[in-house]
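Note that chain A is present in both complexes that follow, paired respectively with chain B and with chain C.
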Partner chain A sequence: MTAPARADALARLLGAPPDAAVLDADERAEPWPEGERILAEYGLGAEFVPVAHGGRLDRFDHLVEVLRSVYRRDPALGLGYGVGSFIAAAAVWTAGDERQTASAARTLLSGGRIAAAFHETAHGNDLAAVDCAATPTPDGLLLHGRKEVVANIGRAEALVVFARTDPRPGPRAHSLLLLDRATVRDATDLPRHATTGMRGVLLGGLDFDHVPVPADSVLGGLGTGLETALKAFQVTRATLPAMATGVLDTALRIAVDHLSTRRLYGGTALDLPHVRSVLAGVFTDLLRAEVFAAVALRALHLAPGSAGLYSAAVKIAVPRLLLDAVDRLADLLGAHFYLRGGPSGLFQKLLRDLAPVGFGHVARAACQSTLLPQLPRLAARGWTTPTPVPDGLFTLDGDLPPAAFDRFTLHAGGRDPLAAAVADEDRPDLADLAASCASLRPADLGVTATPAHYDLTTRYVRLLARTTWRRAHLDHPARGFLADPAWSRAALHRSDHPRVPLPEPLAEAVLGELLERHRAGRSFGLTARTPTARPDSREE
Partner chain B sequence: MADDTRDVRAWLVERVATYLRRAPEDVDTSVALTEYGLDSLTALALSADLEDRYDLELDPALAWDHPTIDALAAKLTELIGARP
Partner chain C sequence: MISLAAVERAFEDDPGAWSPEVLAEADEREEFPVGAVEALDALGVAAHYVLGPDCDFPRSAAVLRAVARRDLTVAIAHGKTFLGSAPVWVAGSAAQVDGLAERVRGGASVCLALSEPEHGADLLAGEVTATPVGRGWSLDGEKWPINNGTRGDLATVLARTDPAGGGRGFGVFLVDRAGLADGAWRCLPKARTHGIRGADISGFALRDAVVGPEALVGGAGDGVAVVLKALQITRIACTSLSLGAADHALRLAVRFVAGRRLYGRTLADLPHARRTLGRVVARVLAAEAVALVATRSVHASPDELGVVSAVAKAFVPTTVQDALGLLAELLGSRGFLVEPDGFAKVERDHRVVGIFDGSTVVNRTLLLTQLPRLGRLLARRRYDADGVRAAVAGDLPPFDRDRLTLVSATGCAVVQSLPDAVDRVRAHPLAPEGLLALTGPLLAEADAVRDEAIAFTPTVGGLPAAAYRLAERYENLFAAAACLHRWLAHVDHADGPLWTDARWVRGCLAHLLDRPDDAVSDALARAVLDHPGALSDVTR
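And now, the complex of A and B:
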């Protein structure tokens, strides 16, 4: 995959900040000021606005690649400056009318922020239980209640609030409101939440005290809040974990920098077979995460009716790949992963900043709850009479139609074009899974499902991911590392035997690519970009 | 028409009873499915079932907008009747 030119332009603007500047801001739990200034100058908000509304968002994979330029340097800057605005804006692009989309676009294009006020501490991911109420009155709505753990809520120019508009239970009881912060009076800022990682992100809350809001602030009609959120999340569940691969990219660079200069037993640490094997595995896992995410991002354009399956699958699989990989790097670094200064001092921050990729925005378990009720229908319909694979789904460099938010559906209705591409070798596993799913009853599939039932989603996600790794290799143009059979063999080995080291010749082939990229100052992800993110060591 | 509604409703009762592991006579057709503990994402699966049973293309949110068996049966009967 090639990066859009603007991802490189932003990387150049950010340059190679000294680790100390980023770490100082982290120690103070403040946004990195120079980084915020650069993102404002670049106009990051325009990345979140579709071209049709005057912004630069034309492809979801390009949005991700631009944000990786930020996440490679400071994940808290990426999340804290703006990604929260994208979560909020996705709801507006999904359900907003012309006036509402124009208003949100103006806010973002002029450098403003929109806070995504969905969350209430008491209810976690259980959106249907949300209490903050917007009660319809003759003049509009009266907003009352609290929103907590919301990025930038204290300084955002606009808010998207998920509120209860019907006291009865059920999926039509909530609505999304787009509010101009300046018109929201009688709301009290709640104390900031301190966090272990992503310390520079300003997480706050608001307590609304019977705030009158206009009726035309409702996005997409009363009662559509849950539907809109579930559709908009199909975009954010795929894009946010995909951006976070930039964190592992930099962590891997720090590890190779350190290990290639560390003298041990008459050589460098990089001469040790165990070290070489772990690094090869981590590099493979970084690419596994990026390839799976890249196909899911392409599906948002090419198979929007089924894209919710793959977004949920990415949110389940990619954080696990990244978190496990960075932990293995920490093992290699030993004491150096624990130091808060020095040449490897950024590593401990990356480790902390990466953790929320697993639970942030939407928890993995919530994504399993999206997939589980769909499995019986997929087994009965999608896996026996396959939906055709859209052209170019696996051609990661291929063109895409413009990003759109109006074609996502609440469920895939059993249509699964990715499953149609499952390789012959994995067909027996898919048939086994289908047999297990056929006997499921809906009563087994809610949030109270047993671990054995949740495990069915794990098996399904694994089959999807393996399909993307194989096909991205087969469909890749005959250059670059994805075209190398070593890549697909390593990817499938890591999937088949997660705890068995790669066979030595395979590990050496993968490591050769890693070290060559490291020497040339190229990034380790799909785009192998230059200059790389690593502060202090890149070539410009 | 009335016969059709009865037929659709009977099928739905049988289906929902299977979903919920209840006897069909214990399913009240005027009570919202979510009140029987069918969560909102699981309720969506019902429209895919109905698509296969009646060979219709249905709004994925059908079971959200017609939350009881009575309401679903009425809507389905209407859609079946409107079929060319």
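And now, the complex of A and C:
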């Protein structure tokens, strides 16, 4: 895959900031000021606005690649400056009318922020239990209640609030409101939440005290809040974990920097077979994460009716890959991982900042709950009479129709074009999974599903991911590392035997690519971009 | 000597020093937990750090675990005196031992000074020198990072006595800071660390630091051997830190799972969440079995500690960190908040335990160099049965430091007794079917590890990556044997929900052998959710 030119432009603007500047901001638990200034100058908000509404968002994979430029340098800047706005904006693009989308676009294009006020601490991922209420009145709605742990809620120009508009339980009890922060009076800022990672993100809350809001602030009609959120999340569930691969990219660079200069037992640490094997495995896992995400992002354009499956699958698989990989790098760095200063001092911040990729926004378990009820229909329909694979689904460099938010559906209805591409070797697994899913009863599919039933989703996700790794290799033009059989063999080995090191010749082939990229200062992800070198000024 | 019960009572009686708010604030501000450390001094806890013929090492380890359960930073800050004085306990003259014992009981703080800025685990690369002057020695060079490097009253320093270095080229010196000339000891800055932020991780530079002949511990060329013997014991002591962290995290997790409401239920009502909690319990109990047997082995089979300590230091911190990772996902954003008595601090603090005193990979390397012999000894099924009995339960022989040896000629009795332990379980009237069913796979795994160990050839210039997996599997055999022995020793008189149907040992074996664990995990989770004291039924 090639990166859009503007991702490189942003990378150039950000340059190679000294780790000390990013770390100082983290220590003070403040946004990195120079980073925020640069993103404002670049106009990051326009990345979140579809071209049709005057912004630069045309492809989700390009959005991700632009944000990776930020996550590579400071994940807290990526989440804290921008991504919260994207979660909010996605709901507006999904359900907003012309006036509302124009208003949101204006806010973002002029450098403003929109806070995504969904979360209430008492309910976590249980959106249907949200208490904060917007009660219809003759003049509009009266907003009352609290929103907590919301990025930038204290300084955003606009808010998207997920609120209860019907006291009765059910899927149509909530609505989404787009509010101009300046018109929201009688709301009290709640104390900021201190977190162990992403310390520079301003996580706050608002306590609304019977705030009157206009009726036309409702996005897509009363009672459609949950449906809109679940559709918009199909985009964010895939894009957020995909952006976070930039964190592993830099963590891997720090590790290679350190291990290739660290003198140990008369050589460098990089001479040790164990070290080489771990690095090769981590690099493979980074590419596994990026390839799986890339296909899911393409599906948002090419198979929007089924894309929700793949977004949930990415959210289940990619965070696990990233978190495990960073832990293995921490083991290699040993005491140097544990220090907050020195040449590897940024690593511990990356490890802390990466943590919410798993539970943040929507937890992995909640995504399993999204997939599980769909499995019986997929087994009965999608895996027996395959949906045609859209052209170019696996051609990561291929063109895409413009990003659109109005074509997602709550359920795939049994259509699963990715499963149609499952390789012959994995067909027996898919058939076996289908047999297990066929006997599922409705009672097996809710939040009280047994772990064994939850595990069916894990098996399904695994088959999807393997399919993307194989096909990205087969469909790849004859250049680049994805075209190398070593890549797909390593990817499948890591999937088949997660605890067994790569066979040595394979590990060496993978490591050769890694070290060559390290030498050339190219990134370790799909696009192998330059420049990503860390600055010399990081030496203290 | 103060008892475990008295230490635990003191926590309740002195809420000032032990208040979660005070400890959390010290952590955020990176301040040494003075109040808590002084409280431990006032209680006379340091008497547990004196290791001699009349010591009770398991009891001392239990005290350290109790402190770690309260706050890991405090346990590390205070317990370092045991690490620092261990070289004297294992190799000091009668006068050195008596003198230091008096100082330690009087509250002196002793640090272990091995690490140097450029060489962490590589003892033979140390550059600090000891040059003969008159009848004594002059020490020069830097030690960093050192736990209590600034606050230490005394330090045991590994220094090069032969400029050529080598296995016989180092000595250990007990340096009393108060006895040095002005300027001979200069403190080096505190390292800012990822966790244990309040601990005094700093160091010192020695310059013409002249000490008398009485400072040398052992012979002038014995330093590396002295340190390696001392590490055999301190590495086992480190497992108390991991268990304390695990106790702490489990308490927080049980409270969260029982109280957290989602989807109209508590998390405890969700089978999927219960499985995760049960898996954590199984890991913690396996870690505990290894730690308890290793701790008793200090008395029971000191000649085998070269193997036992490496197994324990590799297995216990790794397994507990793995358990904390599962809990991090279960707790989600709650586990990410900085708050008094919060999970995030436990998780950050604990990551250091796998690093210091020889990292996991250092200990696995140590184990691997002995593995072919361990495989052959396992095949012969010969071992010191009395040693195993004492390592599991009952009266302990006095600690005999003269039986410490760098290489265990008799291998590892705990692992070598595994086939016999399986025979005894199979013949035991109380062994349930669910436990018997696991014994076949366990023996098959023992056979496989035995054969691979015998076939393994340690190579110079770095061991092959695959070998580290083999070391891990050997550790798992140790853990399985420890669990079976503990079950056999206690089942006749044990009671409580974790003993019903051999639940705890089935959970441990299922984890160690990677067998299906849904049912037993659920039973373990229910046991700890429904019976607050269930875990202490196993810890005996």
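One rule holds for everything that comes next: the second predicted complex is superposed on the first by the 533 of 540 C-alpha atoms of A that agree within 3 Å, B and C clash if a C-alpha of one lies under 4 Å from a C-alpha of the other, contacts with A are read in each partner's own complex, and residues count from 1 in each chain.
To be clear about the criterion, contacts are C-beta pairs under 8 Å (C-beta built on N, C-alpha and C of every residue); 3 or more make two chains touch, one makes a residue touch a chain.
Quick caveat, the model's predicted, so the values are computed rather than measured.
Participant: By residue count, which of the two partners contacts chain A more extensively, chain B or chain C?
Facilitator: Here the partner covering more residues of chain A is C.
Participant: May I ask you to decide whether A:Pro501 touches chain B, chain C, both, or neither, giving the answer as first, second, both or neither?
Facilitator: Second partner only.
Participant: Considering only touches as defined above, state whether A:Arg377 meets chain B (first), chain C (second), both or neither.
Facilitator: First partner only.
Participant: First (chain B), second (chain C), both or neither: which does A:Gly204 touch?
Facilitator: neither
Participant: Is A:His193 contacted by the first partner chain B, the second partner chain C, both or neither?
Facilitator: Touch partner of A:His193: chain C, not chain B.
Participant: If we overlay the two complexes on their shared chain A, which of chain B and chain C does A:Val447 touch? Say first, second, both or neither.
Facilitator: A:Val447: touches chain B and chain C.
Participant: Touching A:Gly82 in the superposition: chain B (first), chain C (second), both, neither?
Facilitator: neither
Participant: Which positions of chain A sit in both the chain B and the chain C interface?
Facilitator: Shared contact residues on chain A (touching chain B in one complex, chain C in the other): 128, 447.
Participant: For chain C, which residues count as touching chain A in their complex?
Facilitator: Per the stated touch rule, the residues are 28, 115, 118-122, 125, 145, 191-195, 260-265, 269-273, 275, 325, 328-329, 332-333, 336-339, 344-345, 347-348, 351-352, 354-356, 359-361, 461-469, 518, 521-522.
Participant: State the interface residues of chain A toward chain C in the complex, per the touch definition above.
Facilitator: Result: residues 121-126, 128-129, 149, 193-197, 263-265, 267, 271-274, 276-278, 323, 327, 330-332, 334-335, 337-341, 348, 351-352, 355-356, 358-360, 363-365, 368, 447-452, 454, 499-502, 504, 507 of chain A touch chain C.
Participant: Which residues of chain B touch chain A in the complex?
Facilitator: Going through chain B, the ones touching chain A are 18-21, 32, 34-35, 37-49, 51-52, 60-61, 64-65, 67.
Participant: Would you pull the chain A residues touching chain B in the complex into a rising list?
Facilitator: Residue positions touching the partner: 128, 169-172, 226-227, 369-370, 373-374, 376-377, 380-381, 409-411, 413-414, 441-443, 445-447.
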